[in-house]
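Given below, in the form of structure tokens, are the structures.
Below, subunit A partners subunit B and then partners subunit C, in two separate complexes.
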Partner chain A sequence: MANSNLPRRIIKETQRLLSEPAPGISASPSEENMRYFNVMILGPSQSPYEGGVFKLELFLPEEYPMAAPKLGRICLDILKDKWSPALQIRTVLLSIQALLSAPNPDDPLSENIAKHWKANETEAVETAKEWTHLYASGE
Partner chain B sequence: MGISLSRRRPNNHHHPQNPSSQLSSSYPTDQPSSSSSTPNYVFAANAPYSYSHPPQNSYPHPPAPPLPPQYYQYNTCGVGMNNRLNFYPPSYYYGSQNNNNNGWHGIRPPPMVSQTPVVPVPYVDHQMAKKIRNDVNVHKDTIKIEADEENMEGLLVSLTLDALVDGSITIIYFAKEGVDCSFTPLYPDARMLVRVPFQKGLGQKFRQPSGTGVDLGFFELDDLSKPSPGEDVFPLVILAEACLPLPLSDEQFDHPRPATSNAQITQAIIEKNSAGAFQAKVIKQILWVDGVRYELREIYGIGKSSETSFDDSDPGKECVICMSEPKDTAVLPCRHMCMCSECAKELRLQTNKCPICRQPIEELIEIRVNKVDQ
Partner chain C sequence: MTIGSGGSSIVVPRNFRLLEELERGEKGIGDGTVSYGMDDGDDIYMRSWTGTIIGPHNSVHEGRIYQLKLFCDKDYPEKPPSVRFHSRINMNCVNHETGMTCYSANSNVDELHPCLNIKVSLELFKRYYQDTDLQGFDAVQVVQVESKKFGMLSNWQREYTMEDVLTQLKKDMAAPHNRKLVQPPEGTFF
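Moving on to the complex of A and B:
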């Protein structure tokens, strides 16, 4: 039911995610509801998250792409006030992956987070390593 | 800066950087009301302003006061010029009349703006692009300043142009723009103005004849590398005129350009590259068509959508929102061509920010690139 009337864009995005997956990222739609995606992002090498696998659930609301995908409690500005319909599932997941590896303070898409990361880098890296160890190892 | 270059300056003439600020204060200040839309707005974006604003030649001096963009085009060259896509990446523009000083000085996309509170705009003009036929087109990226092998002092201008008709290229160093696209050399030295005829042909190479070049060493690099503060004088102006090679006389440049003539004017500055060679950098291109002056602006993202017919699987051509329809709508003032018209309308109900750069949307302009019509 939920899969009828699926917008063309969602079908296309899904096809492209499956046929050309971004390295270290997998996203597959749930069979019951094509607006639900099970996402796995590998902790980037040379990052505090290396060796970790991050599992996420992504949901495309009815208003998508005018509204951002829903991604649990991930704090990312492009999922909030900086969302643009020109962004896609792929770009959102790449942004998360990029945040995991090294926040780029010059990337306007993740400006706020990068700023925060810069300010508290040592602390954040430690926390991240700890969490990776605790929650995301040996999936 | 440029000490080694500056030997002497042509004497008893104005300094090229002479500002025209005294003149500009006397401009009429009546701005056209942007709310004066008329029903035929959709097909002729210039309609409201032509009626509500005095013609440009009633202004005593350039530059005219800044106006909102009002003229658009999507194909500078008319139907016959579609062939030139074989030669060169297509250049599409929207033009806006006499908008000197409107804040655009370069050709690069504006930087991503940081988040600032923006009052939502309840209504944004959604216009259809107006098509303007231009018989001559100088490819702005091809303009070079080369050494003259037979006369090492002189430097020659070379370029690539498309011409649907015979015409002429006039190269003027330090030309001042006057009323109705008239251009006057600031220095009446014969070398400062060179006119060369060309025959029609697409993608043709043009080179100023040997021996007619100018020794740019006469000028301060500082003067060559920027326009006058009012942007009415540019160090290098290239007039590409269709038809009617008029007799060469300085006087004619003081007169307003006839409305029947068609010309493309390229205004450039001259810089030195790292190897010490002069190079031209185009700042502005202007069209003179049917007695109207259009300033050319590139639309970002339009090239891909115009290459061939729309292919459903090419992400470069599809609307970034629905990913289904070809993109045909550009956002102004940032000039990002990124949406189909339906999504553009829907977007406007949700936000006033460009999907690509998040700058506030002032206008949407629909540009049908795939339809080849008369």
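Moving on to the complex of A and C:
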């Protein structure tokens, strides 16, 4: 009975994600677990991530929407203290897409990469392009 | 509520469950006598972990620090982690040559954890029970006999965590059948 008590809000959000997906973003719930989504975000054009397909996992905890969706280790304020139940799965995914267009080396997950980004942005962007090609080419 | 159980109908998927465990491990648990952390921050599957147990009072283990390796494969937490002592220890449920805490996840040999060297277990078993006629035994039975010594892994449930495994092992160290066993020198490793 994994999905029998799914809150109406989650059902609504899911329906809308499927019927009106945001450009460059797809999110579909797993069949066995409607709180568990496979997400794909296309790298925004004119970013080092252009051409990349980025796969994410999203999980709606029991407390959702009073608590933020879970998305692995991503440093994003609305996933932590800035979460509000007025936000949605869609807004979170759009924020991540925006983060790909404008990375924030002042609030990093990885100190080393942020350091590199600040010291030599051109080189860091090159590395990001290379890694996008190597690891996110969608094949 | 136990970590990872998330209420009656909610199943926390593997990677989110391991992230919860990671967070909890980073905060520090209880009195600090069991702890664990992830080995490789770059492994997106979060498979390899190191656990530490400080030996319980009123046992030969008191004050000793034991290091363990826990490996959570892709089927964790449906299946238990494989648990291996890195520090040498003499304990009823631990394979004396490998440090492996033995278990049988399933009675199908193919599904046994690849770390578990069945031949080694069989050889050891033969050595422990020299008088027993083992002709009729196969590897599965041998592994299961060893697994019975540490029930948490053989009777694994999805809600169990690495913290539970370490806590249970610590309890077992202080159990009557373990607390007086002669121990190898401190600071030696498998």
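Here is the rule we use: the second predicted complex is superposed on the first by the 113 of 139 C-alpha atoms of A that agree within 3 Å, B and C clash if a C-alpha of one lies under 4 Å from a C-alpha of the other, contacts with A are read in each partner's own complex, and residues count from 1 in each chain.
Keep this in mind: a residue touches a chain if its C-beta (ideal position, glycine included) is under 8 Å from a C-beta of that chain, and two chains touch if they have at least 3 such contacts.
None of these values were measured; they are calculated from a predicted model.
K.L.:
Between subunit B (first) and subunit C (second), which, if any, makes contact with A:65: first, second, both or neither?
P.N.:
After superposition on chain A, A:65 lies in contact with subunit B alone.
K.L.:
Going by the contact rule set out at the top, does A:7 touch subunit B (first), subunit C (second), both, or neither?
P.N.:
In the superposition, A:7 contacts subunit B only.
K.L.:
For A:81, decide between first (touching subunit B), second (touching subunit C), both and neither.
P.N.:
It touches subunit B, and subunit C stays clear.
K.L.:
So in the complex, the part of subunit A that touches subunit C is made up of which residues?
P.N.:
Residues in contact with subunit C: 1-5, 30, 32-33, 35-36, 57, 59, 61-62, 70, 72-73.
K.L.:
Spell out the part of subunit A that touches subunit B in their complex, as residue ranges.
P.N.:
Interface residues on the subunit A side: 7-9, 12-13, 65-66, 81-82, 84-86, 108, 111.
K.L.:
Using the touch definition from the top, list the residues of subunit B that touch subunit A in their complex.
P.N.:
That would be residues 112, 114-115, 320-324, 338, 343, 346-347, 350-351, 353, 355-356, 358 of subunit B.
K.L.:
Tell me, which parts of subunit C touch subunit A in their complex?
P.N.:
Residues 6-7, 9-13, 15-16, 19 of subunit C touch subunit A in their complex.
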